[in-house]
Structure formats: C-alpha cells, structure tokens
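Next, two complexes with subunit A in common: one pairs it with subunit B, the other with subunit C.
Up next is the complex of A and B:
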C-alpha cells in the first residue's frame, strides 16, 4: 500500500500529472495576462497544452555534433528533479513527503533543472548554446545567494517561535507556524524577504527581464537552439512546472496557514494564490521591462534582492 | 573561450537575410564580418528593359518600407531629364506621402528596437499607434504598402478636403500618443540600460565612413537632403533637423522619436497650405530625350540616390540605385567591436538596415 501511495504521489498528485496540468495552466494565464497588458487579445488559456502536444508529435532531430545520450536525457533529468520538488512542497495541511530538512533538499533539487539545461546545451555543440550556458551559469550564481538567505530568514523566524531559536529546515513546521501566528507576509520584518523572493521567481523560471540564457532575439533561445520534438516539449514543460513550483513555494512560505481543512479546497486555494503570484511577479514584470544584460543581472541580484533578504535576516535575528 | 557566432542568414533579430560572422571571446565581440547578397533580384538590369511607367512600378518594389522614396527619386530624375514641371499640388502630395512614410518607417523601427531589447509591451504599443498612420496611408492611396502614388509629372491621386480634415484630426491623435511614447523612450530605465553606450559610432568615424541619414544624425553629423538640397518644394516648409551627439543605440532611438515630431510638422503645413490646381499632367507615357540625371531623396533611412541615363528611346539606358543601407552597413563591424554578443542583433538592427534595398 505504501508503495502504491508513493506511486500515486509521484505520478498523479502532487507529482507529474498535477504539476504538469497546473504548470501549463499557469503559463497560459501568464501569456493571457501579459497579452492583455500589451493591448493584445492573447492566446487561449490552454494554448500551452496545444503547444506541448504539438511538440510531442514533431520529429526529434539530434545534431551530428551533439553527444546523443546526454542531449536526449538532459531534459528528463530536469523533469525528474522538478517532480521530486513538487512532492516536498506542502499545500496548507497537505504534505506528500515531509522530512526535517525539506528546504535543503529543495535548494539542491531546484538547481538541477538549470544544470540540466546547461548539460543539454553543452551537449548540443552549438555556439549559441555555448553563449547560453555561460549565461545560465551567471544566472545561477546571481540568484542562489539571495534565495538561500530568504529561506534562512524564514527558517530563523519559525525556529525562534517553535524551535527554541534553532533554524528550522522543515516546510511543514513553517506551515504550522503560519497556522498559529497567521501568514508570514503579515510579519513586517519579512516583507523585504518576500519582495526579494518575488524578484527571484522570474529569473528562476527564466522570464523577461531576466531571460538572459534563452534571449530569443539575441542568441535564439540559447541552450534550446538545437532541440526539437519530444526533448523540446519536455524542456518547455520544465519551464511550466518550474513556474508552478516557484510560485507554490512562495505561497507555502509566505501566504500559507491553517487552510479550510477540506483537501480539494486547500489545493484550489494554493493554485489560485500561485496564479496571483504569477501575475504579480512574472507577468507584470515582463510587461514593464526590457531584458537586462548578463552583467546587469548579476549586479542587480547581488545588490537589491540580496540586500533586502539580508535586511530581513538581520531584523529577524534581532527579534522583530 | 573563443567562438565564431554566426548571425544569420536566418536569425530572429533580423527581418531579412544577411550573414554576419562574429569572432568572440566569451561574450565580447573581437571582430566581425558582414556578408551580403542574399536578396539580389537584378532590379537594375530589369529596369533597362522597361519603359518609364513600368520602371516606377518596379522601383517601388525595391523596398517594402520606403516604397515611396524610390519612385519619388526616379520620377524626379526622369522629370528633370524631360524638363517636366510638376504642378505644385502634386509636389505637396508627394511630400505628404514621403513624410507619412517616414512616420510609419520610424515607428516600425522603434517597435523592432523595443522588441530586440525584450521590451515587448512597448513594441506592441508602438505598433498599435503606428496603425493610425497606416490607416491614413490607406485612406490616401488605397494601399498599406507600395502606395503607387507617384506618376511621371505628379501624383496619381488627389487628397479631397474631407480627407484632409480627417487626416489632420488623426494626426492630432497620433501626436498625443507620440508624446507618451517619447516620454517612455526618454525616461525608461531598462531601455536605457540596454541601449546607452552600446554600439558607439563617434562623429569623426561617422564622417570618415560617409554614413548618412538618421544614423549619421545620431552621431552628431547634420546631413539631411531635405535641407541641404531641397526637392519637391521642401524649401516651402519650416522644420528642424534634429541632431544627437552620443552616437550610441540610444541616440538612434531618440533621433527617430525626434524626427517624427518634425515630420508631423511638415505634413501639417503641407495639408493646411495645399495649393489649388491639378495634381498631375495626365497618365500618358512621357517622351524622354537622351540625358542623364542624379537625384537625391531623403528616405526614412537616409538618402536614396538614383542615377538615370536615357538614350531617347522607350526604356532606361541605365539605372543605378544607391540606397542608405549601402552607406550605413560598413559601420556595423566597427560598432560591433568590443560589444557583447547580447547586443549584436541590436547593433546590426540599429542602422535600420534594409537588405532588400541593399541587394536590389
């Protein structure tokens, strides 16, 4: 039975199927909202599904210069890592897998899709991909520091209330704290950290102004330039799922709480809140900015989001 | 790590085929080469077998964007050889079309520039506003591109008083929108971060390379055929030639936004003071004696030069077309050096290239 339930977790909910559907719907919402902001009508919400299934039916071409196995397996590795992360993120009271150190697992697993992109791009042997992967590395260097500080800040805040001051790395404990004391966003000392995380979400999912690695008009989608067919579909799916996971993580960290107690409603609430976070942090930013350059991205993330996250950390440490 | 990054012949930041090889070290471009000739259609040769009316139709198809400037220059060259005096009203309508073309061309480019730096909202907004100009062009000529407004001896169509009022009204609406867009362009921070100090062409190099049009004016060189050698009654209108000194991509964006203001001024003056009289001298094929003439016209992208030789027969003896991209493209390798690959597409696009013109 345990095996069956884990299988259900991995394949259906909250794993592959659920995160695929929600991720694609969220990216559909993102496209629609951006279109409305730009005075366009925009595609239907389910357009990403059409795109995904269309790509599945296309021919898969592997370049002669590519290292075949690495080229084809890279997107799958990224997908597996993302589905695993989905298991760890609690939705209000619901948790599929819970350990004492979820956050550390998540930090590591969330890096894997980016690494998969780098590996796949490097395996394709294209100069555009070469430029793209060097940019992706810069992106990772840019956002990892503020992301870790934000997570530490929350861990400290929760730890001080529930854990005698020791930093907690358990997401379910963070949810418990919010169930007792109200959502994290209502604590003023954590608002800078929330803003920092809202700025990290777009670079993590690779959207404008931080889509340096895949800048379409500059380096033709960088690492993805040689991909086609099924592997490309999986990479696009990775993007969509990453969008859901990052926003869902934000909801769990900052907007969570007791919930309603009914599982379906809680999950729906989580998805709706994620959609709002998508609109606030991804769509709006996409609509009002131009793409930054590589060095500008690095400079930006090591100043503003890092400073905001550090500010929160210091405030929390001082007991606010 | 050093790469050779190919840009084109097919690349998302290019509308037309051109091939550029970038020799890069990491993200920095050390050297660049540009290869042209993917769009050659043999128009100059074809023109030698067509009569003067057919050639108008032909040269209109040299370029999709400045499709008024080409027959404009050609018609004036023929009129000068044949000593045909164009009626004043015809000249004014030609000017109105030329300036409307400049508006839509500059707006097209501004939109593309916004798209290239990833600012798609501005791109959509600019192209939305551009539709107003396209509607005017369609109302006057019946076409959105390739207007067919030029005929030897005048303009093919007249502008009625009703239409004139409508155009002035739409132009006022356009001006309001343009002020908003200009404010965004001048003040937006991310746009400035991407374009300031990128692809710099200093004034002395610009003069040395003989670049022209908005590209030269963005580098502080004040050249404009409309002022330097007025044609088709341009001397009647009051307008300035804006010049920006910086010579980077941002300056090229700004210069186009400023020139739109001047074009609106010219169109308004022309519409308000439209002289009475005929617009052309009839539709028949003109008799052209032997002769040669060189005509310069300020197209949206710079000056278009038409050199026409006739031998008294029904066809052109020789037609030579010099387009603005011919003068601006050689500056590209210079501008690319020591910039990052991220900016390559933007820098190539910043000359507002027209490779169909270039290859003819």
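Up next is the complex of A and C:
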C-alpha cells in the first residue's frame, strides 16, 4: 500500500502528470499574457501542449561530435530532479513527502536541471552550446546567493516563533506558521525578501531579461542548439515544470496558510496563485524589458536582490 | 491516440527558421513584420527559432550566391524530418534583379526542392502568411508519409 501510494505521488499527483499539465498550462498563460501586453492576440493557452507533442513526432538527430549517451540522458536527469522537487513542496496542508530539512533538499535538487542543461550542452560539442553553458554557470552563481538568503530569512522568522529561535528548514513548519499567524507576505519585514524572490524566479526559469544562457537571437538557444525531437521536448517540459515549481514555492513560502481544508480546492487555489505569480514576476518583466548583458546580470543579482534579501534578514534577526 | 495528437500538433505548432542566402534584406524585413502585433503569426503557433535543429519550416530569402551555396545545403541537411522549404520572394525562384551577377550561382531549386514559393519583391505579409498556411498542409502530408 505504501509503495502504491508513493508510486501515485511520483507518477500522478503531485509528481509527473500533475506538474506536467500545470507547468505547460502556466507557460501557455505566460505566452498569452505577454502577447496581450504587446497588443497581439497570442497563441492559445494550450499552445505548449501542441509544441510538446509536435516535438515528440520529429526526428531526433544526434550530432557526430556529440557523446551520444550523455546527450540523450541529460534532459531526463533534469526531469527526474524536477519531479522529485514537486513531491517536497506542500500545497497548503497537503504534502507528499515531508522531512525536517526539505529546504536544503530543494536547494540542491533545483540546481540539477541547470546542471543537466550544462551537461547536455557540453555533450553536444557545439561552440554555441559552449558559450551557452559558460553563461548558464554565470546565471547559477548570480541567483544562488540571494535565493539562499531569502530561504534563510524565512527559516529564521518561522524559527523565532515556533522553534525557540533556531532556523527551521522544514517547509511544513513554514506552512504551519502561516496557518497560525497569517500569510508571510503580510509581515512587512519580509516584503523585501518577497520582491527578491520575485526577481529570482525569472532567472531560474530562464526568461527575458535574464535568459543569457538561452539567448535565441544571440547564441541560437545556447545549450539547446543541437537538440531536436524527443530530448528537446523533454527540455521544454523541464522549462515548464520549473516555472510551476518556482512559482508554487513562492506561494508556499509567502502566500500559504490554513487553506480551506478541502484538498481539491486547496490545490486549485495553489495553482491559481501560482498563475498570478507567473503573470506578476515572469510575464510582466518579459513584456517590458530587453535582455541584459552577461556581466549586467551578475552585477544586478549581487546588488539589488541580494541587498533586499539581506535587509529582510537583518530586520528579522532584530525581531521585527 | 498519441498519433492523432501528434498529427494535430503538427498543424498547430510549426516553428520557422529563417535563412538568408544573399537577399537584399527586403524580404527579411517582411518576414519579421509577419510576427509583429499587426499580423501576429504567433496566434497560429508560428515561432521563429534560432537554430535549424528546432525548425519545421525553413524560409529561404535571396538568390543563391557562391558564398552561401555550401551553407544552404549544410543548413538544410541539419533540419530534422519532416521539413518544408518555403522560398520567400522572387529571388530564390528566379534570381530576380541579381540575374547574371558574377557571384550569383542560380535559383534555389537548382540545389534543393522547393515546397512552397511566395512570389513578390518583396511579397506582402498577407502573402507570406498564405504561403505558410500552404506549407503547413505539406508538412502534415510529409509527416503522414513518414510513418
């Protein structure tokens, strides 16, 4: 029975099937909203599904210079890591797996898709991919620091109330705290951290203005340049699931709480809030900005989001 | 069921790759205007990609010059099947005003088969969208022939 329920968690909800569908719908919403902001009609919301299934039907070409196995398995590694992360993120009261330190697990697992992109790009043997992976590394270096500070801040805030001042790394404890004291976003000392996380989400999913690694007009989609057919479809899927996981993480960290008590309604609420976060943090930024240069991205993330996150950390440490 | 889904998706999500083989830039600008808010080809699922590996439809503009001949053949070989070649403008069809130039090697169909040809110098965006709609039909047929 336990095995069966875990299989259900991994394959259906909240694992592979659920996060695939929600992720693809969210990226469809993102494309539609960006189009409407640019006064276009835009593709239908289910467009990412069409893209995904079309790529499944295309020929898969492996370049002669590529190392075949690594090239083909890299996207699958990324997908596995993302599905695992999906199990750890609580949706209001519901959690598939809950441990004492799931935040640390999530930080590590969320790096794996980026690493998978680097591995796949490196295995393809294309010079464009070479440029792309070096830029992806710059991106990782720039967002990891503020992300960790934001998570520490929230851990400290919750720890001061529930854990005698020791930082907590448990997401379910964070949800418990919000159930007792109201959503985290209502605490004024945490608003800078929320803004920092809203800025980190676009670079994590690799969207404009921070898509330095996949700059399609500049370096031909970087690490993805040699991919076609099924592996490309899985990379696109990774991208969509990453979008869902990052926004869902934001909802769990800042907008969660008691919920309604009915599982289906809670999940719907989580998805709707995630869609709002997508519109606020990804679509709006994408529609109003152009891509930054590589060094500008690094400089931006090590100044503004880091400063905002640190400000929150200091405020929380002082007891506000 | 999966087969039907894939067949349906082929008409909904054609990705374009734009290949300039020596055009005067007129046709290129008209292609870009197809994805502007006024014509918005993205509502039909068209998307410009940066690499031939992601493309379904290749748009060729300009006559084939001696510099671009090799690159044209190599780029088209990199596009995964099924693929459709669309010639935009009169240049790839007949070399147009560049006919007889020392560096022009000849029209596109001397090297690769053309599936759809959109005439005009440059063609109107409406004509390009019409040509793309025909290209989708051919793409679907090629997909059916593949299996």
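Note that the second predicted complex is superposed on the first by the 320 of 320 C-alpha atoms of A that agree within 3 Å, B and C clash if a C-alpha of one lies under 4 Å from a C-alpha of the other, contacts with A are read in each partner's own complex, and residues count from 1 in each chain.
Throughout what follows, a contact is a pair of C-beta atoms (placed from the backbone, for glycine too) under 8 Å apart; a residue touches a chain by one contact, two chains touch by 3 or more.
Quantities reported herein were computed from a predicted structural model and do not represent experimental measurements.
Asks: Quick check on the superposition: with subunit A as the shared anchor, is it clash or fit for subunit B versus subunit C?
Replies: Subunit B/subunit C on subunit A - steric clash.
Asks: Under the stated touch criterion, which partner chain does A:296 make contact with: subunit B (first), subunit C (second), both, or neither?
Replies: After superposition on chain A, A:296 lies in contact with subunit B alone.
Asks: Contacts for A:130 in the overlay, against subunit B (first) and subunit C (second): which applies, first, second, both or neither?
Replies: Once the two structures are laid over each other on A, A:130 reaches subunit B alone.
Asks: Once chain A of both complexes is superposed, is A:209 in touch with subunit B (first), subunit C (second), both, or neither?
Replies: first
Asks: Does the superposition put A:43 against subunit B (first), subunit C (second), both, or neither?
Replies: In the superposed model, A:43 contacts subunit C only, not subunit B.
Asks: Looking at the overlay, does A:288 come into contact with subunit B only (first), subunit C only (second), both, or neither?
Replies: first
Asks: I'd like to know which partner A:195 touches here: subunit B for first, subunit C for second, both or neither.
Replies: In the superposed model, A:195 contacts neither subunit B nor subunit C.
Asks: Kindly classify A:151 by the partners it touches after superposition: subunit B alone (first), subunit C alone (second), both, or neither?
Replies: neither
Asks: Which partner does A:56 contact after superposing on A: first (subunit B), second (subunit C), both, neither?
Replies: Second partner only.
Asks: Thinking only about the overlay and not a real complex, which stretch of subunit C clashes with subunit B: 4-12, 22-30 or 112-120?
Replies: 22-30
Asks: Can you give me the overlap between the subunit B contact set and the subunit C contact set on subunit A?
Replies: Correct list for subunit A: 38-40, 128, 216-217, 219-220.
Asks: For the complex, which residues does subunit A have touching subunit B?
Replies: Within the complex, subunit A contacts subunit B at residues 34, 37-40, 127-128, 130-131, 134-135, 208-209, 211-212, 215-220, 286-294, 296.
Asks: Can you list the subunit B residues touching subunit A in their complex?
Replies: Going by the criterion above, the answer is residues 1, 3-6, 11-13, 24, 26-27, 114-122, 124-125, 128, 188, 190-191, 193-194, 340-346.
Asks: Residues of subunit C touching subunit A in their complex?
Replies: Counting only subunit C, the residues touching subunit A are 2, 5-10, 12-13, 37, 40, 42-45, 49-51, 53-54, 56, 78, 80-82, 143.
Asks: Along subunit A, where are the residues that touch subunit C in the complex?
Replies: That would be residues 31, 35, 38-44, 47, 49-54, 56-61, 128, 216-217, 219-221, 224-229, 232 of subunit A.
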